[in-house]
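One chain, chain A, appears in both complexes that follow, with chain B as partner in the first and chain C in the second.
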Partner chain A sequence: MVEKGGKIRRNLLKGIAVTGIAGMMVLDRNKVKDMLKPITKEDLEDGYIYTINGVEYVISAESPYKTPEELQRLAKEKEADAKRRCMESAKEICKRLGENSPECKLAKKHCQEIKVKWTLARKGVRWAMALDLNRCIGCRRCAYACVQENNIDRTQGIEWIKVLNISREELELIATDLKYTDAPYKERVYIPLACNQCEYPPCTMVCPVRATWKEADGIIVIDSYRCIGCRYCITACPYGARHLNWKPVIVDALTLNPNMHVLGNVPREVHTVEKCIFCIQRTRDGGTTACVEICPVGARAFGNLHDPEGPIMRIIEEYGAFVLKPNAGTKPRFFYYFGPARTPPKDAVNPKSSNWIGNPPRPEEGAPGPNVLPGGEESFNEEKKSDKGM
Partner chain B sequence: MMKSVLLATLILATIALAYTPAYPCTYCHTPFLKLNGNVRKAPIHKIDLTVGAHAGLYCSNCHDPKNPMKLITGDIVIPPNLASEKDLMKYNKLCAKCHPEVYADYLVGAHGNSTYVCNGGTAYFVIGYKHSPWWYHVCPEYKNMHTVPGKPCVFCHNPHDPIKPPASIMPLPSDRPAPPKQSAIEYTTTFLLILAAALSIFAYVKK
Partner chain C sequence: MSEIIEIFKTIWHFIKYAFNGGWRHWVFIFAMAGLGAFTLGLWAGIEAAPAIYVQWVNHLHFSASWLKMLGIRPDQGGMIYTDMSDSVPWGMYISFFVFWVGIAAAGVLFGMAAYVFRDKGFMRVAPVAEAQAIAAITVAMLLVFLDVGRPIRTIELLALPILLNFHLPNWHSMFDYDFIVLTSYLIINIIGVFLAVHWYRRGPKYAPPKWLMYAFMVIAGPLAIGIHTVTAFISQALTARPYWNSPLLAPAYVATALAAGPALLVLVLMIAEKHYKGYKVPKYVYEKTIIAATVALVVGLYFTLSEAQETFWYTTEPLKRVQAIGVFLSPFVCNIMKPMLKDYAFYFAGHSFCRWGLPGTEYLAMLNWVWIILGSLAVLLVVFVPPLRKRYKGVALLATMILLAVVCEKTFRVVEPAYIPDVMGVLHPYFPTPIEVAVTIAAHALGLLVYILVARPVLVALIRHYGAHGEEH
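Right after this comes the complex of A and B.
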């Protein structure tokens, strides 16, 4: 019996060896190489792929809404709700200012304009943002444009973007100054901080009701109909990006942004959590985010991380980038970098001109200091000549 | 009387003419006035290329010396207050000659400064929350939008002194309302605990 078993095993091994050698000879080398390629996380990430009008869209496997129809139904529900709440506000405005006032008409028109979309995530897209800390002047325009774009309640003091003012030398997040009134200063750096849209989001892992999840294009969304306001995610977030609506959200018909997405800036419910969603209502349909649009110095760039010709890849390759709290293991997709040129800070000798940047004020004539430009003297002489020539 | 009024008008007109930036430029820069553009200071145009980030350039680096109304790329110079955004966009080519890297950034959207357009829609500028600016986009559908470079180079960078001075700072971020006092929370919790205990004892005894 033992002998026989040993024989069988030996024959089996021989067979396997022969098949292996035959396979090696028959098989295409490239195919084998392909087989040996490691599987990336993107490959493993399963979702439900739908083709609409020839474009492939993905619904994340984590999403509780598995089909486009379900999402569409949800969008309709939310649209009706948003319109009802908007009309309530419009009626109140009309009562206060009279039926014939222009405000009343405008408010009613805004309510009719409301559109709640349910655009799905494009396949192969991963949204990311890059921010040039050398150019940001800490002006907070992005924070307030965000409030208007995303229909955030203005009475609760919620602002999704916080601008941290920290020392340029130490770069220590703990010593943050949020309440600065004057900027930019030479020795400070201004770090606008919102949701980092992590690759491994700790906030979605702790949600007991699956109200928040990572979409297939990397945006972490919250469904305010599912959220129960337990605030676990607020404590889980290492960046302090999540905010709780602690009282009924006021919908103001006059200042409402009618462009809404079902998982984004549609007016939220009371006691639900909200956060930056990369302006999902704009970006999924080809637009750019509100903060990128309004930044007066162009510090922000937004695009598809997987696009080799996109802005993010260009910035990472050209200038390099870093993320906040890398040791939290969250792999953020919000990149910060120190770009090549800096916006002139406040305490320059002459803040209204560009003289501060490697181009200090000219020394008195005949006393060329160490600061003279290459060819400084020469240009002076030429000037005189040309003046005469004129 | 008539004479003096006429004289005054004449004087005023002369002064006005002398101090109005003449346009078109050929008004002064006639072909007979042989200029080679080797100049850095043009006080009449309030331009001084000995300071600023473009220090060291000559007029002829960008302008055609024979006809300063023309740039070396062949585009016609239009005063900024008369030019439309589309006209200004043409001048990007000139900036790109010396700043190809920044221009490449600009084209892919890595220079910031992008906006979106939609079919049949408009965008208007509003001053809203805390007096902060925002683009209010009105589109019929909010679908199939396109991200485009928002502004031409010369909109932000004065070509004769191109470093952009910092903009003003917006007001402070708002505070979340203060939480209730610690003592109040303690009293409420104790009260609720006692109530719960009393209720349980009551339920137990009643049974």
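Right after this comes the complex of A and C.
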């Protein structure tokens, strides 16, 4: 028994020695050193760098389209498709309203103007957005502008921006009211929410066909020509930012926005997923997003996170910012903060008025204002009223 | 040379005995094929119509005329005809997909008993169990194919790259791994059934070599556990869905799978014994199978208890609590649960607290309690009433109870609560629409068709090997 055990041990030692010697012979010392070198963050984020007209652009390593030529080809394909779908719609409009109607001319003009760009991500840029919750009045104009800018199908009720109406004392997202009709009230906070363009997006990890990926400037894009509509990314997103086209997408030539980007607002296909892309067709060409542009109170700021003089870094330094669901660990690039001044909320006595916008019309002494409800304060508080009724 | 001829003879055996039956067999085949074709036509003509049109005409440049002749149009139909939405993106199809993956996983349990432990009784059962696994995987994969929005594109971008050059489109995605294990398990089981029939059909003196079946089990065993584990991995690591986000999900899937699969097989074997005069299964096989299924059922119930404790006792995670209300709340426990959950329950359900689950999805809570009560009852009957599991009728009763309990547990109950309410607190009650039910039935009809077509040649081969009257036994 003892001899047998010794034999096994000897054989084991021999085996280890032979493996070691073979390893030393086979492996190159420098290669081993390279293997042991720790991976830096830059290594992981590396993409394919292309210099066009002296400007450095990056194509993300995650992207299935590795060269500008491939993207260009895709853009051409999508442009032809968008033009065809637009013309179908324009023909229908012209048939209905006549060839000489201004609608027909406008629709045809839109179709001719369609240009699908394939602008690449610039090197060293990381787009981010900051939103002042003290200023936001919950008017949902951003959601409306977003629908118009990004050619979202009007027949399905998809809105990339949802405005969460939450109690001011606790920012618990599940106790939210999405279907409010009246705002702003002083005890509520309004949180416009779209895609957070996370640093570690769970949605791109789960995609079985790499139809969605993070671009080098941090925008998470979807290629509508690759999406298989499995809805796994909708399941994985902690912010409910993704939407599926559950029915055929209607392209309306009259309301179409002809300024398109190949990975952005080009009309999507049926049964594919879509989401906020930080208006990639505007921002990559030096513009700002539609929601920033439309915001009546200037609650939103958009800029490059890596720029220390930019609006985002200045806001973070000045006020401090927070993100939604930090425990999801996705590192969102959509920052919220409570700024120094609050837009005056609606008067509880006079809830239907919009007095806060300009100078309030001053009622004469003693007389009720033009917008005051007959019941005054009591009619506003429904719970109280019902108690009294009982 | 003679081996090659024998292989062709085996293939001929499969073809011959799959269709060589009485009028009842043909009625069954036509009924199942007709039902499947009709409802798949519904699927292609309504639910998937615009996607099929866009893919074939715009991307693959087929002619649109014959698609239009079939009633497939680009501007009508779509998945809008299901009750799925952005809040509840996975519905009935995925629920039943999970269930049938579980049924498939159990097939190898019998192979283990037969080929690894060389149990004579289970040897007669194992090939049928593999046939069941083939049918179950067919149903599961068909359901996923019907569920995705762009089925043709799925084949182009996912199935073909993986099958032809083993290239994972996205190596992060569990969906890809699930496709790999499901396909491998299907192929492995086809091979297993083929091997068994290849020898058994030649008579009592022929049996597949022991080492070959042993090697087969070494590959198939881990794969059987693997298919269900990877299916659970699809959902259990998602931080966004706290209801799933626990390491218990995969073990719970496997546990209930090992209860339901054998229970279904027991019922099928009883039918086979009745209709195939020469086919005999020893009685102890039934008893042992029921006991094994009960052990798995106990583990599954224990996991449910653990889940309930985790979601109610200390948890302060709001979404998990609300989703758990949707599963566990019922009139007879509401007074126990009231102090722990009143805030969120009031928010979603209003002040009428003593109800089943959340408004609109009462059926989830009902299914959950049917699972708990029926499962516990089955366990009690198996343990404390031994005569029941020793008689044919008793075994049939117990198997039906176990199967029903797991159907209640592992269809809607494991999938839907994670979406109700969704991540932003929107409560979108999900209830399958008629077209969803019809398409699910179509997948099941085609699965039954596959089952009967594979099981018949297997049974004929088993009768030839073990003799018409079971004299070897």
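The criterion applied here is as follows: the second predicted complex is superposed on the first by the 304 of 390 C-alpha atoms of A that agree within 3 Å, B and C clash if a C-alpha of one lies under 4 Å from a C-alpha of the other, contacts with A are read in each partner's own complex, and residues count from 1 in each chain.
Just so it is clear, a residue touches a chain if its C-beta (ideal position, glycine included) is under 8 Å from a C-beta of that chain, and two chains touch if they have at least 3 such contacts.
The structure displayed is predicted, hence computed values, not measured ones.
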item	value
First, second, both or neither for A:235, with chain B first and chain C second	second
Contacts of A:206 with chain B and chain C, given as first, second, both or neither	second
Which of chain B and chain C A:259 touches, first, second, both or neither	first
Broader residue contact with chain A after superposition on the shared chain, chain B or chain C	B
Which superposed partner A:164 touches (first chain B, second chain C, both, neither)	second
First (chain B), second (chain C), both or neither touched by A:226	second
Partner chain(s) touched by A:344 [first = chain B, second = chain C, both, neither]	first
First (chain B), second (chain C), both or neither touched by A:176	second
Touching partner for A:184 - first (chain B), second (chain C), both, neither	first
Contacts on chain A seen with chain B and repeated with chain C across the two complexes	156, 158, 162, 178
Chain A-touching residues of chain B, taken from the complex the two chains share	38-41, 50-53, 55-56, 101, 104-105, 108-116, 118, 126, 128-130, 132-139, 141-147, 150, 156, 161-177
Chain C partner contacts - residues on chain A that touch it in the complex	81, 156, 158, 162, 164, 172-176, 178, 193, 202, 204-211, 225-232, 234-240, 242-244, 246-248, 250, 269-272, 328-330
Touching residues on chain A, where the partner in the complex is chain B	113, 115, 117, 119, 130, 132, 135, 137-141, 143-145, 147-149, 154, 156-159, 162-163, 178-184, 255, 257-259, 281-282, 285-288, 290, 292-303, 309-312, 314-315, 318, 343-346, 351-355, 357, 359, 361-362, 373, 375, 379-380, 382-383, 386-387, 389-390
Chain A-facing residues of chain C, complex	50-51, 54, 58-59, 74-80, 84-87, 89-90, 147-150, 153-154, 157-158, 169-170, 172-176, 179, 234-235, 238-241, 318-319, 322, 344, 347, 418-419, 421-426
